[in-house]
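Next come the structures, one after another.
Both of the next two complexes hold chain A, though its partner changes from chain B to chain C.
== the complex of A and B ==
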């Protein structure tokens, strides 16, 4: 009896953490439904009373919101699909073949995950400039089509497939591509989906690289557009800013809600052996 | 396992090319550019030897930048390494109910864009009408101007990064925590070992490889994530008070247009990271048992 009561006390720090982690989100949501007066007079009140849609109307009517949305979607989907292909192909080579310098190549790919991003930006910017890709979605997309962690996670997943299954396919004279397509892909679909969602959320949220490449407002992605709503003095259009923030994080949140179990399980693997 | 070098290489080709062009070429190009004076626009570059490195090492700026980096990393290690470590222990071994709820809920902020997080916290820390200033006012304190004062600005930036990273680090740590056999802990409890002793003697040694991974990503990702709030909110200010080894690489290239100095800082940053990574791999390779 005494022990079970003591155990319950450990829920307190966890609940406190949830409060701290959710508070900013609650504020974003409630502020986005408040008008200017409510924002400044009742900023601690998490309930917008009465809720108003005026901020959302302003965003949809006065800003090219759907242009931002389209730009973000195009870039995020393109990156996700190609990253998935490059990761699956590379992981397959590491699992299916035995070749010279395998470990060295694998490690040098995984290591790129730890290369600090700022170290890459100037040389990559100069390259995009030479190729004439500045201020285009391609300039944003091109340097992001491969992912060290993606290859690592994909390889971990493929390693879980029993070798006998692959050997059986080979005995039936299946080509490597057929083995990949008919045997491996159907088996790794849940993890591959989770990894793709993680690619998509990452690309969707990207701020810094698009900021350097894209100059015209018509090219902006949603995270970039957010910058337009904060002025040097700290801004005054908080309701509108929060409405854009809210719309920006909605797609990742929805994806997370529908696939959280897969995502969490995949992420939990990421640190165990690396 | 199939031995066909050329087939394997065909599958590796797309990833290899992209890594070489967009990850390894820049490292070499930085080294090259760091010996030149250039403004990114002029058609000619001037070879200046080690002048760029020299001017970095004699400037007063380096010390400030270095201190800012260490201070930021220090706060992040507390919020994103020590705290998740303790929380993963609580979550994995001290409670029995609602684990998957806590796991899902605490991870949620990790899916949100740092640009969104920066906007929310900019409002939260607003010294005139923001929620924090109202709380401070109500207990008779005046809100400082968080993003305009030395020291405070780094704390405020760190909380934004910590908010985003906490959940990811927690569940990575949790994976290692739940892998510690329950029987081992039960046995220790039968011998009346306290939670602290269990933590120190069983948990700590058995989770140290993952802990080192989380330690590394706290530093590496923390300094990466920092770019967004610093650029959106402070641009390195006040008076370089929120700049650091990583941000200054961007500043010299894209704000001051001194590619040589930017590249030299990039090389120094890379060395800073290599030291961290080498330390990590040296330590980990002795302890981790790899499958296959």
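== the complex of A and C ==
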């Protein structure tokens, strides 16, 4: 290597950090392809030799994996879609309408960023319980349909659209919804896609709230099911647990890689114009 | 009658008055130009007519109906924005038919109108381009096209040519007039460019600081400016304005004593001072001039030569000549005809003749 050695030295802590970050992932991937004997070998072998699919077969054949998958998909997609709709509509109002107390409302909405989730657990739980929605997907979904961050990000993006475009549409007698649908949405599509992915990954990975609301195993989402494998139903089935973990994190991972471009753009925009 | 009438229109943002008591009338098929320096309220006026800005007080009548509170979409007004406001995600064709589709016109009619407009504006073949693939001039024509297909009797243009270079601007100006002659809509056109105003307008309304200074044909405004602001705003170089003292039948311009003809003595009445205005091209350079002055600077523009003279009082006068009877080196000053002189009040700046 011809690059100065001193410079490369700075890469050392970075590489170390990457290693620390990646080690559990590598361990998860390799373990999921190992059989029992390989897992309990004394050496930390990162490469399963020979790799086996037996864990995946067990998961798919003996556990209601697809029920969990369906539950998770339903909840995650429902939350994502509605959150996107509410974010876009609220941002639209904040950007293009003048109404009384607009700034106050917007600022108090920003304040919700600072309320820790733990504070909301009790009131939300009681509310869901009174509504009779405990142990249903709706109990998981309902408290999450609006998101301050989503509104904030959508507002930042919409502020970048020249006002003349909206006025041109208004002069053509376009209704507010037509303006939103025909002019604004096509222009904010990259950002909207990006935050949808965030919403989706968040909802997909959520563990604590579903744990409180869902009791029936048939209702479980994948993160809950994952925990089930690790503790109750066989504490030593590491191969199977890792296979489930793999299957759980695969969809958001794929989604992220496909849409990385949009995500970076959105955050850059909010940073520059914020 | 598709006329637009503004009566005592005011616009204020809090304490700041942007348009002050504006009275205007544009007759059917007329091209009115709102002209003024930036910040004079001309764009605000246009936006009030379009309905994009609320009217603080006064009455806006279109075809005899009160339009103050009618939403912009229902006014049936076509507008071209300074930035063109083309939808970047739509093609040229989609941009043009955007409004027609919202109006839910039959698709045959939409096609017919759009194709015709594209043809008039020389855009046939560009239907599938997106705005970012077009040049400035093409974007401007697409914006015009979008306004045209609406076939609205009212046409508002907000500095439509200000983003074009000088050559294109002249071409677009001619085109604009040509198009207006085809459809004859009632047109209000905002600009800060006086050449545009002089060449396009049937009538020019000059605004300054939100107040109407003068309204009239380009010729009237040029030859007979209502006040010193208009006199100084129109024309390159603008009208020469210099202070003159009066004593009985004598007038002193640059310390030169001239006899004021009888006719103008009635105009200036018993004033002791007055502002005299003479167009640079109405002055001539002379060997034995009416007013002596020293040549300070000469600009040769090829077709015209602008000579800057300094009077004995220190005031400067521009003289614009086409044929060079005397070289500026020989000129001892300038002369003029009294009938080409305007007299303005020193205090108010008002033209005393009109």
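Everything below uses one rule, namely that the second predicted complex is superposed on the first by the 248 of 274 C-alpha atoms of A that agree within 3 Å, B and C clash if a C-alpha of one lies under 4 Å from a C-alpha of the other, contacts with A are read in each partner's own complex, and residues count from 1 in each chain.
As a convention for this text, a residue touches a chain if its C-beta (ideal position, glycine included) is under 8 Å from a C-beta of that chain, and two chains touch if they have at least 3 such contacts.
If you're wondering where the values come from, they're calculated on a predicted model, not measured in any experiment.
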Which superposed partner A:11 touches (first chain B, second chain C, both, neither): first
Chain C versus chain B, contacts on chain A by residue: B
Which superposed partner A:50 touches (first chain B, second chain C, both, neither): neither
Chain B versus chain C as contact partner of A:116, first or second or both or neither: first
First, second, both or neither for A:171, with chain B first and chain C second: second
Common interface residues of chain A - those touching chain B in one complex and chain C in the other: 170
Touching residues on chain B, where the partner in the complex is chain A: 1-5, 7-9, 11-12, 14-16, 18-19, 21-27, 29-30, 33, 40, 87, 90-91, 94-96, 98, 102-109, 111-124, 126, 128-131, 134-135, 163, 166-168, 171-176, 179, 210, 213-214, 216, 220, 223-224, 227-228, 231-233, 246-247, 249-250, 253-254, 259, 262-263, 266, 269-270, 273, 277, 288, 290-292
Chain B contact footprint on chain A (complex, rising order): 7, 10-11, 13-14, 17-18, 21-22, 24-25, 27-28, 31, 39-40, 43-44, 85-87, 89-90, 92-93, 96-100, 105, 108-109, 111-112, 114-127, 142-143, 145-146, 148, 151, 159, 170, 176, 201, 204-205, 207-208, 211-212, 223-224, 226-227, 229-230, 234-235, 238, 241-242, 245, 248-249, 252-253, 255-256, 260, 263-264, 267-274
Residues of chain A defined as touching chain C within the complex: 162, 164-165, 167-174, 178, 182-183, 186-187
Touch list for chain C against partner chain A, complex: 50-52, 72-75, 77-79, 81-83, 85, 87-89, 98-99, 102-103, 146, 150
